Amino acid sequence: MRSDSLSAALLALTSGLVLLGAAVALWRRTARGIVQALRVQGFALAGTAVILGVQLHVALLLVTGALLIVVKAFFIPFLLRRLVRLDPTGGESDPVVNVPASLVAAVLLTLAAFVATRPLVQVIHGVPITLAPFGFATVLIGFFVLVARRRAVSQMVGLLLIDNGIGLVALLLTTGVPLLVELGGTLDVLLVVVVLRVLATRMHAELGDLDLDALRELHD
Amino acid sequence: MSVAVVSPWIIGSGLLQVGLFLLGAPLLVGLMRTVRCRMEGRVGPPIRQPWRELRKLLLKSRSQPEHSTLVFAIAPVVLMATTLVVVWLTPLLSVRVTLSGGSDLFAIVFLLLLGSVSLSLAALDTGTAFGGMGSSRLMTIVALAEPALLVAILALAATVHSSSLATIMLAALHHPIWLVTPQRLLSFSAFVVVVLAESGRLPVDNPATHLELTMIHEALILEYSGPDLALIKLAESIRLTFLLALLANLFFPWGVSFSASGISLLIGTFVLLAKVAVLGVVISAGEVAVAKLRLFRVPELLAGAFMLSILAVLSALVIA
Amino acid sequence: MTAALIVTMPLLASLVVALMGWRRWTPFIGLGADAAVLMVGFIGAFHDLHHRVLILAWANLRVDSLSAFMVIVIGTVSVLASWGSVRYLRHEVDQEASTPRRATQYSVLIQLFVAMMLLAVCAANTGIMWVAVEATTITTTFLVGHRRTRNALEASWKYIVICSVGIALAFLGTIVLYLAAEHAGGTSLHALDWTWLSAHAHSLNPSIVRMAFALLALGYGAKVGLVPLHSWLPDAHSQAPAPVSALMSGVLLSVALYALLRFKAIAVPSVGEMFPRVLLVVMALSSLILASLMLVGQRDLKRALAYSSTEHMGLMALAAAAGGPLAITGLLLHMLGHGLAKSVLFLSAGEMLIDDGTTEIIAAGGLLARRPYLGGVVALALGALLGFPPFSLFISEVTMIRGEVTDHLVWAVVISLIAMVIAFSALATHGRHLLIEARGLNASRVATSRSAIVPLATGLVLCAFIGLSAWPLASILSAAAKLVVS
């Protein structure tokens, strides 16, 4: 990376923040802390959009940035926060994979993401592309959260991490997929989160808890 | 540069640095205590209180447990000596303060570790239950915290292709853009956690506790008294100050003097004092809001710091 | 125009239902809309055949013969499912198992679901298709959880989480493909357009396309029910109301497979035959083997049917991996035949649930003696699923295998045949338990109402008819297959 331009440095910073958010979400046990990490990611994503928009003079990216702030930094954390209140025992008391092991896993996954995106970075040049591995790493960490955590809220967080990672890749790689698709993507995630919240509320009514381990009836 | 270029200037400014830390470190501890007391609504002792305590301890006579050996006797000296060497070697006031080539980060981390190890050996040497417990707890923390510290600095070193602290600081001063890269962000987060753990502050250890079940650091030094205890307390406060100064200089290197003039050295001194004081206040203010972690959660916290520092290195490699 | 019409009809139906609220005849609105879709699909297919090229609606919707064929598949199965919904909903409301409000919700969602599947196959660009496929997940989640039991909740949670993950991967794949297209000179929406992509497939950067295809295969593969993201399928299919299971198993999986077909056709010119083929063969064979082994120990009919769907999807994915004209033609025909047979079976399971209160194979045993009509339908449909002539699955399976052999996938065919034999014997055993051996319910005969049998019989007759006569599909099929043959 040529570090002489401010926007390049800022882009690197926001991308790093997205990965940092993912790492913190894996690290923290309290649901509140995790939601906070997601909010930081939301701001970082919006920041990425705005920086790219200013740098490339694309007004639509500014719109995307505003949208991202509204949805990812405020609305989704708001939804999750209300769900957390339903779940007074809070966070992950006894995760399937313990925290230090999952941190090691996160490091390995990040490494894997950095290696896997090598071809991409080598083929196409430019500052944003070199930062794409951060997004891929976030996606993989999201997967890990999804597999290793058994609270309803944690699984939603996993999905959101995946989505934020993809959002970052989308912004960096293509400097914005056509807005129509971007909008569709954001809206879909919003809907998925809303649906999951409805299901979680139902779960709470049914089980009095938000622990997915209570739902283990269906298997072969 | 195998032969160190030793000039009177370097010796002098190095001594200045050491003297400053010797005198100032207890005051920093006093400052942090006072801030904490004020935020909790208490009046608190005056800032120079740690010095008074040291003086009191120095006036007392030494005592050594039965059956303990030389290890117990020399541990405080080793701790103090390594700490002072570390302070002397590190470019804190001025990047020219040190023996060139000496400010290598590996050397510094090694020396810090040496101090911790000697103290925990001494605790084992006393043969008491608390000593053994404290020693094992300390080793758990150190084993996680030291690598994290090393790797966190390595992430910075990878950007400038040198493990010399002076080079890292100079590079950051010359390219202000480098102050906001993701690897610095990640490495900074790791660094903060490590500093807290290393210096025995909340949420890892409570410096004010003497509750047997939870104390880590106090358990180690339970058998010391008199001048030995004074030496240890002084060394510990210097270590805390040193880590804060290192944090400040690595991540916010402005104000560090890099010319050989007295004026810039003076500026460097004042800026460093200010930075360390601000960091100390921030940390003690943070401590008010944080509860101590349960002991088995501490490795989790430090593993997190370790993860962040490795992520920092990876990021440095990706962006380079 | 046609494309817009196709998608808007079910949308309109769901809007009308939403406004009207629950009446005893509201389910017929959806049925009418789906029947109309089916007709328009046929019209569209023949239009394309007679080289009135593409039927454009807006720039983002387009119906070529492949899309038209998919519209026909969706139309056919959704007509059956909507028909089945009429009885299902009336029963639910009569028994007060469901409030009118939830019946309305069901009717609205099921038509939205159909509309989104239609949008997915009519979308002219990968982005819109992605949005549509994701929307099917969202609409079906509530349908899966319609019964509000604890198990339904678990199934819908699993369903939405796994499918959202899959679809997220697919989004990543879409973005990476877009990057490749942009790199090859495409701009904005063009670079996502199917026709643009296939026209410029040669100039796309192979290493980027390889990554994109892997992501897309995994992502849409989740929706197809292929390994490794398959575990939602048996739960969702067994917990959803019967008509919803029929739709999901009969067409939703096929719609996702359609996406894979399209993407493979774009990937092959860029990265070569090898990579997509190996990936798909691995996914197909592991799904086949897993599904046929799991099929053996099943106790619940709907769960067994779900695994059978995975098995059939594995077969089709193998044909997709082969990619020759014969294999693809067989695959497309199999989509239709499987959709018909499977939806008939799921709807029959729904009937069993209504009258007997169970779909446990052993518990519901002796079906043929107790309920000769329903038992007969189940027997015939199972026969169809197992690949007996005259049903179309016989021809399509033979065609797929011949195609795979021509495309040098002999060893994969051998493995798939072994898996098919296991699945065959397992399903046949289940069939015997269900139809002949009466061990569970007392053998009192229950009359099955004609309104229940008519849609089921219609489905079977259609399936047999397609198996016996090439008209009217032969020409449509070959035109459709041509679009994605590599």
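Residue numbering begins at 1 within each chain, and the chains themselves are lettered A, B and C in the order written.
One rule holds in what follows: a contact is a pair of C-beta atoms (placed from the backbone, for glycine too) under 8 Å apart; a residue touches a chain by one contact, two chains touch by 3 or more.
Values in this document were obtained by computation on a predicted structure and should not be read as measured data.
With centres computed as the average of Cα coordinates, no chain lies farther from chain C than B.
Which two chains touch most often is answered by the contact tally, and the pair is A-C. One simple way to say how far apart two chains are is to compare their mean CA positions; for chain A and chain B this gives 35 Å. The distance from the centre of chain B to the centre of chain C, with each centre set as the mean of the Cα atoms, comes to 64 Å.
Averaging Cα coordinates per chain places chain A and chain C 31 Å apart.
Within chain C, not a single residue touches two or more of the remaining chains. Of all residues in chain B, only 175, 177-178, 180-183, 185-186, 189, 299-300, 303-304, 306-308, 310-311, 314-315, 317-320 touch chain A in the complex they form.
Note for the complex: chain C touches chain A at residues 127-128, 130-131, 134-135, 137-138, 141-142, 145, 148, 150-151, 153-158, 160-161, 164-165, 167-168, 171-172, 174-176, 178-179, 182-183, 188-189, 192, 205, 207-208, 210-211, 234-235, 238-239, 294, 297-298, 303. Against chain C, the residues of chain A that register as touching in their complex are 116, 119-120, 123-124, 139, 143, 146, 152, 155, 159, 162-163, 166, 169-170, 173-174, 177-178, 180-181, 184-185, 188, 191-192, 195-196, 199, 202-203, 206-207, 212, 215-218, 220.
Against chain B, the residues of chain A that register as touching in their complex are 1, 3-6, 8-10, 12-13, 15-17, 19-20, 23, 27, 99-100, 103-104, 106-107, 110-111, 114, 130-131, 133-134.
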